[in-house]
Amino acid sequence: MKFAIQVNEGPYQHQAADSAYFFAKAALEKGHEIFRIFFYHDGVNNATRLTTPPQDDRNVVERWAELGGHYDLDMVVCVAAAQRRGVVDEGEAQRNGKDATNIHPRFRISGLGQLVEAAIQSDRLVVFGD
Amino acid sequence: MSETIKNFLYLNRKAPYGTIYAWESLEVVLIGAAFDQDVSLAFVDDGVFQLTKNQHTSAVGMKNFSPTYAALGDYEVKKVFVEKESLEERGLSLDDLQHLTWEDEDEDWAEKDSIHLVTRAEMAAIMDGADVVFSF
Amino acid sequence: MSTLHTVNKSPFEKTSLAACLEHVSAGAAVLLLEDGVYAALTRTSVEGQVKSALDNVKVYALGPDLQARGLLEERVIPGISVVDYAGFVDLAAEHDKVQAWL
Amino acid sequence: MSTLHTVNKSPFEKTSLAACLEHVSAGAAVLLLEDGVYAALTRTSVEGQVKSALDNVKVYALGPDLQARGLLEERVIPGISVVDYAGFVDLAAEHDKVQAWL
Amino acid sequence: MSETIKNFLYLNRKAPYGTIYAWESLEVVLIGAAFDQDVSLAFVDDGVFQLTKNQHTSAVGMKNFSPTYAALGDYEVKKVFVEKESLEERGLSLDDLQHLTWEDEDEDWAEKDSIHLVTRAEMAAIMDGADVVFSF
Amino acid sequence: MKFAIQVNEGPYQHQAADSAYFFAKAALEKGHEIFRIFFYHDGVNNATRLTTPPQDDRNVVERWAELGGHYDLDMVVCVAAAQRRGVVDEGEAQRNGKDATNIHPRFRISGLGQLVEAAIQSDRLVVFGD
């Protein structure tokens, strides 16, 4: 079965990002496909490579990146939400005159249409939020 | 589109301005309108506050996005369901909400109401009938 | 001590207003702001609760938040005073402390 | 259609569980996760509400979230099934859609 | 310190793990202990869930911070107020919570209870008496 | 009168950051002093210089920076919360091996003791959150 996953909250503040991760991992381990993980609202903050959580806590960003690398997941960050919250890749930095980027290379920035497309193409949309 | 059309339900349960969910949800609706699915919007619980008239945001320094709801008809979003019980619990009636319309091409562009007042039981049935629910 | 309590959540969504009102001491004030201003409306399912509170404490609602949400002052429960941000600052200064019900 | 509803907030803090239960159709399932699992406990002020729901719908609680919060399975209302993340995936697959009450 | 000592109240009303507030609040308490103020902790509403025994977080992949509460006594944090009505509404009793203690230097390091079960009215009075309330 | 302000939520997702700003501005315009504004939890995200909000919306970060510049405010971002969420200055970048920074120069990163000190030194602590 083909899942799409939407994540509405950033790492650490809410458990939503954790629940989404464990759901995705369990689905993949059962042999299901994940068409796309879409990070919306504060969920875009899951994609920053600048986090350094305490050593005795989980690293939410790296955990996504590893899962994404292992299963070649399409992990999309909403561009409009990312602009509001300061999640930036090379292209965004150039377009908006920013002197740095902070996105983790396993994520890509794209439009909201990617969420709608994921809902159409997948058998189930599962939303995690606050 | 050659694909099956899905019944999309956008579930709006949060008040505007206190959090951004209402506004960013509306952004999905506008983008999603281009995908030719069967779209419904549900306003339940505090979501009914999103549709109130007379929103003036200058003193809170935020963008007033309420005029955008009036544009939904132009995007072929015609099915806006508002729950009666949710309104009543909040001391509101339809008169407190914006009047949203769409123009029916098949009837010489007659202006028709987009908002449908439904009971909680009817709303439950609408939810039950959706293929995909977007929650914000 | 006299305390200014702040409530910023809708009483229809969260229980923070109810929790606040169960813990206010006589002479305290409650400021409704952000989505908390919905509690200031007449004819709602929580109107009785808010009116009872007015017997013990002063209740204020932040005007800018009412306006943003399309809530006219004529819909505000009599006895609730509407203030702006400057009035919020005055309330914070006049009371001995501010206690937020998040 | 058969729907899996998810509720991730405490019933003592937010009204999302109540809203969900007022909108479920017969044959639906409700999964309690994150702070939503507190609704699965016996002897709480919402126990009656949850037990009534069990007449119409199946109710599940996420085991990892119960364990994190120190809630033993023996405290879970009889009739509520405890599942892990794999069980959550199964429920999502078995039902026609998933509806989150955020 | 030459300054006046303030009566600090840390107000804990949220459950652990679903959000980070409980944990980051505890971090403030631990840092704040070095400032020699008169510190009280209030556990009200869902905040009482922070103190439950037997928290096992491995399956949710989060750090189990509940053992830190037991260290509060070492930081001279001795006044932990738990609201009786909040416990009862949640089907809990003191037996479901950790047993927190501190050692009284003046009585030959006798171990004393840190947790005080108080009624809602008593909790209101504790709040009323605080100089500063930290809300999370 | 001397105020201390605590901000628990990031920009845009919650109104808390907006309310805190307007409270601070009104207090300063009335001649009160603000001892410190402390950004905690997701509030640390108020301090990123990488945001580009839509042109017809407010710029929460720049607004703080301008107010801070005008009144020479002490705007402190909690280091532990910032590390979890990827808000980084030069020093943090070096210590944690990060290849970029994203903090706005009007803010500074420091410890939780700054919040406790602010509560002690101020006449009122006002907390804005979710």
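So that you can tell them apart, the chains are marked A, B, C, D, E and F in the order they are listed, and the count of residues begins at 1 in each.
The working rule: contacts are C-beta pairs under 8 Å (C-beta built on N, C-alpha and C of every residue); 3 or more make two chains touch, one makes a residue touch a chain.
Only a predicted model underlies this, so the values are computations on that prediction, with no experimental measurement involved.
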item: Residual chain clusters - chain C taken out, nothing else repositioned; value: one piece
item: Of E-F and D-E, pair with higher C-beta contact tally; value: D-E
item: Interface sides of chain A and chain F: same vs different residues, half threshold; value: same
item: Averaged-CA centre spacing for the pair chain B and chain A, given as whole angstrom; value: 27
item: Chain centre separation (chain B, chain F; CA means) in Å; value: 35
item: Chain centre separation (chain A, chain F; CA means) in Å; value: 25
item: Junction residues of chain A - those touching two or more other chains; value: 8, 12-13, 15, 22, 41, 54, 57, 80, 125, 127, 129
item: Chain D, residues touching no fewer than two other chains; value: 8, 12-13, 15, 34-35, 64, 84, 97-98, 100, 102
item: Per-residue multi-chain contacts in chain B, two or more chains; value: 14, 17-21, 45, 60, 62, 132-133, 135-136
item: Pairs of chains, among all present, that meet the touch criterion; value: A-B, A-D, A-E, A-F, B-C, B-D, B-F, C-D, C-E, C-F, D-E, E-F
item: Touching residues on chain C, where the partner in the complex is chain E; value: 1, 3, 15-16, 19, 22-25, 28, 96-102
item: Chain D to chain E touching residues, read off their complex; value: 8-10, 12-13, 34-35, 38, 41-45, 47, 63-65, 67-72, 75, 84
item: Complex interface listing, chain A residues touching chain E; value: 12-15, 18, 21-22, 54, 56-58, 63
item: Touching residues on chain E, where the partner in the complex is chain D; value: 14-19, 45-46, 49, 52-57, 59-60, 62, 64, 66, 89-91, 96
item: Contacting residues of chain B [partner chain D, same complex]; value: 11, 13-14, 21, 44-45, 120, 123-125, 127-133, 135-136
